[in-house]
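I have placed the structure first, in the form of structure tokens, so that the comments after it can refer back to it.
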Amino acid sequence: MAIKVSIVGAGSIGFTRRIVRDILCVPELQKTEFAFTDINPRYLDMVYQLCRRDIEAAGLPAKVTATSDRREAFKDADYVFSFVRVGGLEAFTNDIEIPLKYGVDQCVGDTLAPGGIMYGQRGIPVLLEFCKDISEVSAPGCLFLNYSNPMVINTWACNRYGYGVKVVGLCHGVEAGHALIARVLGLPQEEVDIICAGINHQTWYISIKHRGRDLTGALLEALERDAEASRTEKVRIDMLRRFGYFSTESNGHLSEYVPWYRKRADEILDWVDLSHWILGETAGYLRFCFQWRKEFEQDFPRLMQEAPWTFRPEDRSAERGSRIIEALETGRIYRGHFNVVNQGCISNLPPDAIVEVPGYVDRNGIGIPPVGELPLGPAAVCNATISVQRLAVEAAVHGDDLLLRQAMMMDPLTGAVCTPPEIWQMVDELLVADAQWLPQYEGAIAEARQRLAGGNLIALRPYVSPARLGATGPKQN
Amino acid sequence: MAIKVSIVGAGSIGFTRRIVRDILCVPELQKTEFAFTDINPRYLDMVYQLCRRDIEAAGLPAKVTATSDRREAFKDADYVFSFVRVGGLEAFTNDIEIPLKYGVDQCVGDTLAPGGIMYGQRGIPVLLEFCKDISEVSAPGCLFLNYSNPMVINTWACNRYGYGVKVVGLCHGVEAGHALIARVLGLPQEEVDIICAGINHQTWYISIKHRGRDLTGALLEALERDAEASRTEKVRIDMLRRFGYFSTESNGHLSEYVPWYRKRADEILDWVDLSHWILGETAGYLRFCFQWRKEFEQDFPRLMQEAPWTFRPEDRSAERGSRIIEALETGRIYRGHFNVVNQGCISNLPPDAIVEVPGYVDRNGIGIPPVGELPLGPAAVCNATISVQRLAVEAAVHGDDLLLRQAMMMDPLTGAVCTPPEIWQMVDELLVADAQWLPQYEGAIAEARQRLAGGNLIALRPYVSPARLGATGPKQN
Amino acid sequence: MAIKVSIVGAGSIGFTRRIVRDILCVPELQKTEFAFTDINPRYLDMVYQLCRRDIEAAGLPAKVTATSDRREAFKDADYVFSFVRVGGLEAFTNDIEIPLKYGVDQCVGDTLAPGGIMYGQRGIPVLLEFCKDISEVSAPGCLFLNYSNPMVINTWACNRYGYGVKVVGLCHGVEAGHALIARVLGLPQEEVDIICAGINHQTWYISIKHRGRDLTGALLEALERDAEASRTEKVRIDMLRRFGYFSTESNGHLSEYVPWYRKRADEILDWVDLSHWILGETAGYLRFCFQWRKEFEQDFPRLMQEAPWTFRPEDRSAERGSRIIEALETGRIYRGHFNVVNQGCISNLPPDAIVEVPGYVDRNGIGIPPVGELPLGPAAVCNATISVQRLAVEAAVHGDDLLLRQAMMMDPLTGAVCTPPEIWQMVDELLVADAQWLPQYEGAIAEARQRLAGGNLIALRPYVSPARLGATGPKQN
Amino acid sequence: MAIKVSIVGAGSIGFTRRIVRDILCVPELQKTEFAFTDINPRYLDMVYQLCRRDIEAAGLPAKVTATSDRREAFKDADYVFSFVRVGGLEAFTNDIEIPLKYGVDQCVGDTLAPGGIMYGQRGIPVLLEFCKDISEVSAPGCLFLNYSNPMVINTWACNRYGYGVKVVGLCHGVEAGHALIARVLGLPQEEVDIICAGINHQTWYISIKHRGRDLTGALLEALERDAEASRTEKVRIDMLRRFGYFSTESNGHLSEYVPWYRKRADEILDWVDLSHWILGETAGYLRFCFQWRKEFEQDFPRLMQEAPWTFRPEDRSAERGSRIIEALETGRIYRGHFNVVNQGCISNLPPDAIVEVPGYVDRNGIGIPPVGELPLGPAAVCNATISVQRLAVEAAVHGDDLLLRQAMMMDPLTGAVCTPPEIWQMVDELLVADAQWLPQYEGAIAEARQRLAGGNLIALRPYVSPARLGATGPKQN
């Protein structure tokens, strides 16, 4: 099968090189044509050289091209992957530092909370451009596989406003949690059957079985008994304790989605662990990204000197992107968890929400059976988030800053920490700082600039997080 | 038409005497038979004497009876009104004082927030008993008109678990807001057309028109210009400013439903007004109730000496209970706002929620046309509350304290103020304090009692509200 | 209130003159501006002269204009009425005579059955043009009141494909049946409460009450006892006997919608009555229309010589068009039955169907409360028809003759009488005969013409109806 | 895995022996315990002896028991299969012969049309008993696999009224059609991907693909070109021609579900083929059943003398019952077509209908992804049938003969052939003839008996089918 796979944001070397290898590990897909595109020509070229070298060394028939012309890359594509990060680290710094002044203490900040909301405002206009291009120049029925964060917010906008393009959002959280569950239960992962349902990053393992025996209720004790988990996953375990179901999301990320764990500076260290940024460090992911970027610049020559990658079945990663393509092209059934428009799949979440649920893929497409009702507590947590996501999507698409402000008001952590006037001022600051990536907010930004310049600003309560490591933290992977 | 109207909790003298008068102001309904019942024989008798005296003095054919046997009172009833308040002021004191120790600062506390949630735990078992009796002994098709708070939580439970009895929840908030809107717009109320939709106490005036001209967007300025409103309704006006639509709820009550206005003791006076308890006073309604009870005991002899009430059209109150009965019995169409199961009426609120929406009543029944989509921000506020209500209902019906604790977790104000361990301990305290009215929680209460006795309690952060007037506040009406 | 009402197909003198009078009987609406338009300038002028004369004689401030420029007439209109009949009597003759050759014996043939299906193919393109004009030049929110048959098929197309224009379909069948029911029950009509639900012409009186007493089950006996009804309404009474509920539709019209009564020539006289065309006469309405047209041409001078109409309350007809406008403009609540998109109102009919159900109108709009479940048998009858209507709508809009043929296949009477090859040939004949009014079928008509010219046609079974009176029947009103 | 599989109606030797073999061909299932039950002890014993002999000869650990005590057989069962045929050939003869007198000419008559409707009236009370037993004594979560016809009507009743038991209806029509499609397209079946959707026996191949290439539109020509198909499948090909999609159902069976092909005795031979009963022979399946029963009685000794069956993978049949169990127990994913409650799976069929659609089975259960919209014509055909099925189910469950009569009225073939009075009398005859199996209709049967005895019966039009072969037809398999 000579399919064409296009990758936008291909300069994300880790993602791109891995997805290329994953696809080429499937014998039927070794004639695939890859078309890379990125707005950063230097990174694009690095990734292109690496992948071409790998493919040629393996003697595969696959082809790879790189171009800064996105429509050229998308032309006749059967699949398009997006790894873009609109605004890069500069905007990301705003996403974290400005809210922190207002006491909104984020660990990751790329999905929900003020950081994720703003990230979506920047990303949606760009992703909708991708959809437009796909609808116009890609192969009919082209599938858009979105990895760009905030994944739900972006996928929601693309499904609703994306010119009819089929979009699925992908994330590896379900597998990571699945592995952890199997480990603490002391079982081989392949013997543990799970049904995981909710919304991305608030997906819940509502059924955990071993050979038909239900272990859902046994997990809390197993985690509490596990020395590592009980040290590093305190928020996550507490959520399991309170809500009865385990969530996919890592400790630090989870802690910023809810109002309970990061609102008091003097208690934050009771809940997070500073041994790895994902466990709750204030601004942890931002620090990691800067460090990672620095290292990557130095790494490229080394990667080219190392042995090229091989394409054996055992080389394939657990990432699901290539599994979907394999199933759609060969008909071998794949079961995974996908982010799709709900439409009744989870009966007690809104039909327009993007939910993460199990599905089956084969030559007939991606089939998502109904999940039914989510347990009430987890559903309540998801519903609070869904309101924020919907407001963020509509705000971004229509450039409506009142909806954007309402998204911030309804954000559980922001709402717990700030008052409405503070939120209004924080949004003003964010809009102005990100102005270059927010063309849809031109008018609102002008007004915000004026208000900020007019003085008469709210005096902020001082906030200093004991969970901030700064640029000096331990090297992360 | 010789209908039978039964009133449970008839000892609520204000409510009972007024509904009797309202009904008897309708000429076709003057043969109505009223059957009062209450668990407090003294209050029941007082009300009975008053009403009987009024009716006899007016020479009406209506009959009135009083009995402590509820099933006797409900027998063959066409309509049943509930005014009961399970637990009385003793339980209500717990609802307010215990959360206050944890920093959850309630003004009214009978609808949402910890107080309202606990009130529902006490009320639901009792109201379901009423429903059972109605289904067994009342006239087929008997309509249950519920005024007992927490109105939504109780009405939800009765609709879902109430043995098929038809239940409608009633409140006068829509009318009060309608009057305020007309006043600040300088228009006669009867010329101002409104569509109000949402959930009780978070119902929004989504359409305000004068002779076809849309004034919805003109209200903010009118309120800001109004000297009294801008002093007494600061939360309400701020919500209008942030969300674009005016809410039915009074300033103080509204402030306890959302996370933004009552979480910092040092700022609470910026938002509330202490000239009337409903405007935001801490524990205001509790203080008022104690004072009111004291006065009522002294008032009864005076009431009996005053002139009896008359039953002319102009004596009728704006309360909608009698309007519904009039419309159902005579066919004269009545348009009002009702609390009913959503079932798609507001398309972006859950189908099982109890919504407050416009409807039409005549001899064919109560008809509730679809409202469509609520604006996104108001819908988000309502959705957060609906999650709490659903958890509270299921907790109360099944005696499931984990769901009860989750309801508290998801309560916007509690979630903004407390941590999960604090919430757990607060619920323990509430369960133990209210034990006599919570038969469904027997096991959970025993465990809570043990935990509290075991010491090892969380040290609470001191909380003192500057908005508390204590028992010395000005007399209220 | 100076509203503008536009009438297209205004040359329908009966309809137009009556709606003008009905509106002007409402004091608040006497400043209305009427704008007439029609493609027949002669009829348009006649009606214009009559109405202008009436208004001037009454000294009302209303204005009336007539123009052949439809967009001019629609400009700034608040309400548009359509009375158009596309194809006139020439096409109508095809609708009746061609199917009759195939044994499909229609009495009216303007709503369902082959005649109604073809009528819709002609009307939909024209009505969608009206909608386009309304969306472009009429006042925002302009309401389109459609009286053009086939009412459901046309209203369905306008709601789904009509450029967002608000459309409601109107018919007087519910009132006529209501009057009949009251008469045979021996009760004043205003004391009989009805809920009527279904689809236009198959709407069922699912609740008939007198002062709260349910008489739904008493109707069959009352009709059987009634000498006139039991002679003239045999089909209708038989349907009530078999299905348990009375239908709005007249005897003859109803008989052509179902497979049971008109498929055997030798039994048709057992079910119909020839004293009035509407009671079942073969081609009865066609005969009546020709006769009526002849008389109207002669009548106009006489009408101008007669006394002008007056506009007192008692002059107003029972027709609901003016009631809707009155309620929307003055806020006086009106309850009537309307044809609207179902969207769950009748829970066991499809959401996209056009249903006829009770609704309330006031200044807030037209509100349609849920009806709930239709009884199973009546729902089954409606569902069969709805399938035909949906196919007819999609066929007409997309010019898809395969869907048109499927509509004919699924038509209950046609399906009972014909085989698929016969239906195919009958549709070929109908397409060719109506070619001038079916621009959307250009290709299919060319192919049909070839097939018909090619000989090799199916030999038809001879069919002669004993219920045909020809042009010699008694004069009808 | 030591699961327990219970089979009721186990005396159906073909079904029972095959399902036992199919299950035991799965290595993980060879410890299965089979519990047979039947009301016919002789057949039960025959099947028991055969199966025990097969298992013992193969040396498998499986166990088999036989008992006339159904609850004993169902005790702790993980799966229950039903093969019962209530009323046997005696009732089946009534199902066919009585309608034939009225011109309703059935070929199979066990699914829809008067025969299928009556079969459901007999079967539902019995199957609901099974469900009750399963809910009380079988293992929690026991799956009921229903093969008893009329499969949809029975499965509908069990899902709606079956005490919460999980029920899935199974049929092999989809596979048979799949094989035929592959054959006429000249492709290996495993390379042809199909999506088949609708209701059992009116399921439509809405997507036919070969390696991603869509062949749905190419099928008509392929079938017309095929000498055998064009001779034996005339109705089926004609339906494809008219509706655009191929149906699962065999020529003869399909012809009795629609109004177009069997209503005129003189044309029936244009559509059917007499070389095999399933191709359209009048009363063909009845004739075959009598012949088959005669042979079976003689066959048993021979079967016991033949070599026992073996249990290798290649011995397994295509029947899906064992595939479902394998997937649920081992987690190996199986894709098949299942009969389940619609609930939105096919968006334009009613939610309560039993639809036949693709699904995936693994250890997480049976997952049914949404199909979306069925093409309009096929949906219309299905909808007509669904109305009949719903009426038949509610009639049978409530013993409501008015609903039963309405089911007959709405049956497309009966409605095309008969008048209401004829249908009423035919139902009277059927009720009386089947009285011993219809306990729920006691009252209605007494009245019917009186009417029939009272004389005054309708004179029937003589009907003689040229497609009837009588008992002398060729031997069938």
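A, B, C and D are the chain letters, set down in written order, and residue numbers restart from 1 in every chain.
What we mean here is this: a residue touches a chain if its C-beta (ideal position, glycine included) is under 8 Å from a C-beta of that chain, and two chains touch if they have at least 3 such contacts.
Fair warning: this is a prediction, and the values are worked out from it, not measured in the lab.
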Message: If each hop has to land on a touching chain, what is the smallest number of hops from chain B to chain D?
response: 2
Query: Based on the averaged CA atom positions, which chain is farthest from chain A?
result: C
Field: Geometric centre distance via CA averages, chain C-chain B, whole Å
entry: 48
Centre-to-centre distance between chain D and chain C (centres being mean Cα positions), rounded to whole Å: 43
Averaged-CA centre spacing for the pair chain C and chain A, given as whole angstrom: 56
Query: Residues of chain D touching chain A in their complex?
result: 193, 195, 207, 209, 212, 329, 331, 333, 335, 343-344, 358-360, 362-364, 367-370
Task: Flag every residue of chain B that touches chain A in the complex, lowest number first.
output: 238, 241-244, 258-261, 263-264, 267, 348, 350, 376-377, 379-381, 383-384, 387-388, 390-391, 394, 402-403, 405-406, 409-410, 412, 415-420, 424
